[in-house]
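Below are two complexes that have chain A in common, paired first with chain B and then with chain C.
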Partner chain A sequence: MTNASTMEPVAERPAASASTGAGLGLWLTLPAQLLVLFIALFPILMQVYISLTDWSPLDGIPWWRAHELWIGLLNYTDLMADSRFWGALWRTMFVMAVCVPVQFLLGLGLAVLFVDDFHGKRVLYSTLLVPMMVVPAVAGYMFFMLFQSGGPVNDLLSLFTSDPVRIAWLSDPDLALIAVMVADIWQWTPLMFLILLAGMISVPQDQQMAAILLGASWWRRFFTIVLPRMKSIIIIALAIRVIEIFKIFDTLFIMTGGGPGVATETISVYIYKVTQQELIWSYVAAIALAILIVLSVVSVFAIKRMQRGQGT
Partner chain B sequence: MSEIVLENLGKTFGDFTALADMNLTIANGEFMALLGPSGCGKSTTMNMIAGMLRPSTGAIRFNGRDIVDVPMAKRGVGFVFQNYAIFTHMSVRENLAYGPRAQGVAAAEITKRVQAFAELLQLETMLDRPAAGLSVNILQRLAIGRSAILEPAIFLLDEPLSNVDAAFRAVMRSELKSLQGQFGQTMVYVTHDQLEAMTMADRIAVMDHGKLLQVGTPLEIYNNPADAFVARFIGAPGMNILEGTLTRHADTVSAEVAGLGSVTLSPAMQGAAALQAAREVQIGFRPEQINAADQGLTMQVTFVERIGARTIVHMEQGASLAKAVLPADVPPPVAGDAWTFAVPDDAIRLFDPVTGRALGGRTH
Partner chain C sequence: MQRAIPFEIFRYAVILGIVAISLVPTLWMVSMAFKPIAEWSAAGADLTWWPRNPTLDNFRFIFGQSSTDLIVALERTAGRPILASLLTATFGTLIAMTAGTAAAYGLSRFGQGGNLPLALIQLRLFPPMAVMIPVMIMWSFLGLIDNWFGLSLIYGIVTLPFAFWLMKTFFDDMPREIEDAALVEGCTRWRVFVRVTLPMMRPALASSALFVFILNWSDYLIALLLTTRDWATIPVYMASLSSSMTGQLYGAKAALGVIAAVPPIIMGIAIQKHLVRGLTFGALKE
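Entry: the complex of A and B
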């Protein structure tokens, strides 16, 4: 909420303005605040409304009359029993549970390497950030090509085996998810690296020097000074990746289209298919709302942790 | 405890010489201040003693042993940083225990030592408080305690009072001095504040532009600066330095300042003056030693600062500038007037105008 006192106009009698000024500030900012509230809240309220009906744009009635197709909580009870939804949710969580730690550890390792100066650091640094700037659709086609059965990944693996490797990465239900995760790790480790490096650089040099003078080894310094001091930024970096992976779609969809079967179908892919192929909009609204709640809870948790980290 | 010897110590960064030919012996248990303006090489010297920098030339010996190749964690040096570098994400107890833990001291022993040091430093009531948000004098005590708990032979302090407001500095100074008394370690204290150096140090090493200019007790340095820079740097305000020429009379020697008048030299100074072939000298005298007089030097008063116990008179004549410090009960001259003052002959110091070095005649 906007702090009313900072908006307070210059009053003639400062002593008396404390109460009336705050009221005036509220009134003056009310239109803007209502607008913000409306913009933020309207789509959510609309979603809640639609999710309680059986409405779809093909029904021929405008959305505000969707209450004529009221079905109550049926969409939600359907969702509870929807194994494809739960499968997609579980798969998304799995991708998250693999990719976020891998990206974190790789990013942290790179940050440790890059926090000190070395020859050629600037060139290497810029090179490492390139994947992050590649358009995800392009990255999707790139990895689609790389993971073909006659593609470069298999060629590379063939160097280590006697027979040429011909793994059908993207059409094998067990391997497609791995390929998709490799692409995500390739593209988003640089972001993790960038954020963690910024955090690592801001750890006060004299504290590390003090620790050295007190006889602390590199590992002890890393775990007692560097990491604790990076706590807030680590939480931010992890939160960004958790939220982004929850929404993973573009690269993955181009590589596998969610297949084979539902082998790489994540939440976003599932929602896309239900919307575009089955046109059950009200059901999608229910799914989206459920996800919003999950993500909000995660974010609030992360922010709480972050504030506690800064407090100490 | 440990004696520190710096032998022909030098440090260059590329073409820049930060320190050249430093020779200094710091005795066991001594409180030595390295004093000088920023860029004088004092921090470079200290960082080399601590091991953060490697000397370009020369040697550093602790008790006779060259320690240039000893890594900094193994030198037995306690270091107090300018901003104390307290681990603010830990409690006071964790800060104190950090060193012993890093060195693998047994847990029971750590508990005992932390307790002992907390009592010594009067920190026992706040052991479990987070170190963030402690007041600055407690941070100082904690910073010293955190290093002292490892019983280092040498303590290095890098301008620890520069972030403290003036009113609190006096408190911190006396606390620091009494802590040194308790621990009895050799202390090297880097500062640009001559008042800190004068009040705390056993001896002061005055440095400028990477050179050691003078080492001595505070009073030696105050009374007999070896160099015109030291003379100006020590004291608040510093020593007046005027350009003059020597004139020989029947049995005395006087120094004449163009357009101002002349002062007579003491017998001790005359010998030194005789050595000065060029006759051109710099004449130095402390503002505190000036008295109003009928004859002596005459200068134009530009303005008068009354600061309570003392009055500072700023004077100008041609290119010469000088200051006088008068007791508050002496009626000061009026700004704009010409004012004549005398300098007692034993207060006069002479410096070589080319090298800046003092010309003989130490008077105690």
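Entry: the complex of A and C
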């Protein structure tokens, strides 16, 4: 039985004898607190500092002396005018806008087909989950092979045409992004399916039974009873995919390396390239910090809203 | 609910179709892994869906046995990267599970660390790329670049949110009567945790650890930034199987891909009833 409990990140019910264990509780949470502090506080302060300079690891001075290369807010004003950055951001948003709805609708459709019992359900269910467990880098390599001009995708397309199809998917600026999105949809539709199915099963049966007795059609029951009750699950599923696609890197980078040109360059790929190839680390710090600030504001706002929504 | 026969036919047709599509990419890689060079190289242009002469040559090749058909020999074999992946993923899992389990218990039972749930969700939200500059600077300062511990430590931090949330939901679900009974017997809080709670939670700990291991094993970006050679993990090493000299070694890459893909698929299926809980940070339990 699935139990859709609420997200309750802050409100906790301490044990009755909480006071006696408070000391132990502090000790137990200490390692996690230190790790979070270590990855959050120090790096962010460091990024603030470096982003105000023109430092790069090639300058030959250690990072703490970066103030010798102080340039103030120049990195941030550069960022505003950096068309490659905005292009990458826009491209990431585009991938999100295509992949998330497609994954959602496919996942929802599959969940509907799986919600009641049929022969072979367990095996088919497990098989459907396989793509999301494939290491993303390996999935990237699979699709790299599939989309070669002499590869299986073209081979299948050739079945419908008289001439053999020889499309160079990954080196065509327009098609490369499609190939990358196909790979993402292939890999992550199972995740949508998994979450939405769990949510659908947790919708109580009683109201649906009543609706059946009243003669409500399947579509009506689905849209007026099932979907509204899945609202918080749907939001969580969508949020997970939005967050993950914002970070998209592994599969895409192995398939195209962000190319041809910048045709598939997303935010993470862009930052990676500036980090590894152009080595302008102070600028990367500025980009990263800008992203962190925006995401923090958005996430705090979203989580507050969700908590308020569940309080009622 | 009994539905009409046409619906059943429709259901099987759609599901089997989607299952087939979802298996093709994986099966294609498996097929490539067992093909001899003549069937996977660009020269042998005609495409075969299934190996005509299945062979283990690709697997032998990545473990250092030079192939008669393939002139090139590998500068580095796949043994070391596989070891690197195993060691760093395992150690990263150990770090995440230790810190995560302790903190989850501290919060679930004693209400300590109320800031952690939100902080950890936010940690999950940020692209790793956005904190990697400071990490790379710190790591090179500490000599942790291309070092198994350096990579494990960052894995432990990145997957800490999952370990914490999974264990927290498991602790929240666990009845407290047994712990209370042990307390009445005169055990200290610490002893109850170590001797009573943890042994009872063994299945939950195992599922969570496998879940975290899959995530660590699946990483590419962090290893790409923090390792160069000695501790390059499987995905990073994979890129070295193509060069301007040799072209794409499709078969060898596919063989390595199969090796990389098998463990998480088996583990994932083993813990599938906890996948939803892990992926949604406990918002949905099964």
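Things worth noting here:
To be clear about the criterion, the second predicted complex is superposed on the first by the 260 of 312 C-alpha atoms of A that agree within 3 Å, B and C clash if a C-alpha of one lies under 4 Å from a C-alpha of the other, contacts with A are read in each partner's own complex, and residues count from 1 in each chain.
What we mean here is this: a contact is a pair of C-beta atoms (placed from the backbone, for glycine too) under 8 Å apart; a residue touches a chain by one contact, two chains touch by 3 or more.
A quick note: this is a predicted structure, and the numbers were derived from the prediction, not measured.
Once the two complexes are overlaid on the shared chain, A:P204 sits against chain B while remaining clear of chain C.
In the overlay built on the shared chain, the residue A:S217 is in contact with chain B alone; chain C does not reach it.
After overlaying the two complexes on the shared chain, residue contacts for A:L159 are found with neither chain B nor chain C.
Judged by the touch definition given at the top, the superposed model places A:M142 against chain C, while chain B stays out of reach.
In the superposition on chain A, A:I195 makes contact with chain C only, while chain B stays out of contact range. For chain A, the partner touching the most residues, choosing from chain B and chain C, is C. Looking at the shared chain after the overlay, A:P228 reaches chain B, while chain C stays out of its contact range. In the overlay built on the shared chain, the residue A:A81 is in contact with neither chain B nor chain C. Taken together, the two complexes place no residue of chain A in contact with both chain B and chain C. Here chain B touches chain A in the complex through residues 50, 52, 72-74, 77-79, 81-83, 85, 87, 89-90, 98-99, 102-103, 130, 132, 146-147, 150, going by the rule given at the top. Listed in rising order, the residues of chain A touching chain C in the complex are 2-7, 9-10, 12-15, 17-18, 20-22, 24-29, 31-33, 35-36, 38-40, 42-44, 46-47, 50, 57, 63, 106, 109-110, 113-114, 116, 118, 124, 126-139, 141-143, 145-146, 150-152, 155, 186, 189-191, 194-195, 198-199, 202, 232-233, 236-237, 240, 243, 246-247, 249-250, 253-254, 267-268, 271-272, 275-276, 281, 284-285, 287-289, 291-292, 295-296, 299, 303.
Those residues of chain A that touch chain B in the shared complex are 204, 206-207, 209-217, 220, 224-225, 228-229, 231, 312.
Those residues of chain C whose C-beta lies close enough to touch chain A in the complex are 1, 3, 8, 11-12, 14-16, 18-19, 21-26, 28-29, 32, 42, 45, 47, 49, 95, 98-100, 102-103, 105-114, 116-138, 156-157, 160, 164, 176, 183, 189-190, 193, 214, 217-218, 220-221, 224-225, 234-235, 238-239, 250, 253-254, 257, 260-261, 264-265, 267-269, 272, 275-276, 279-286.
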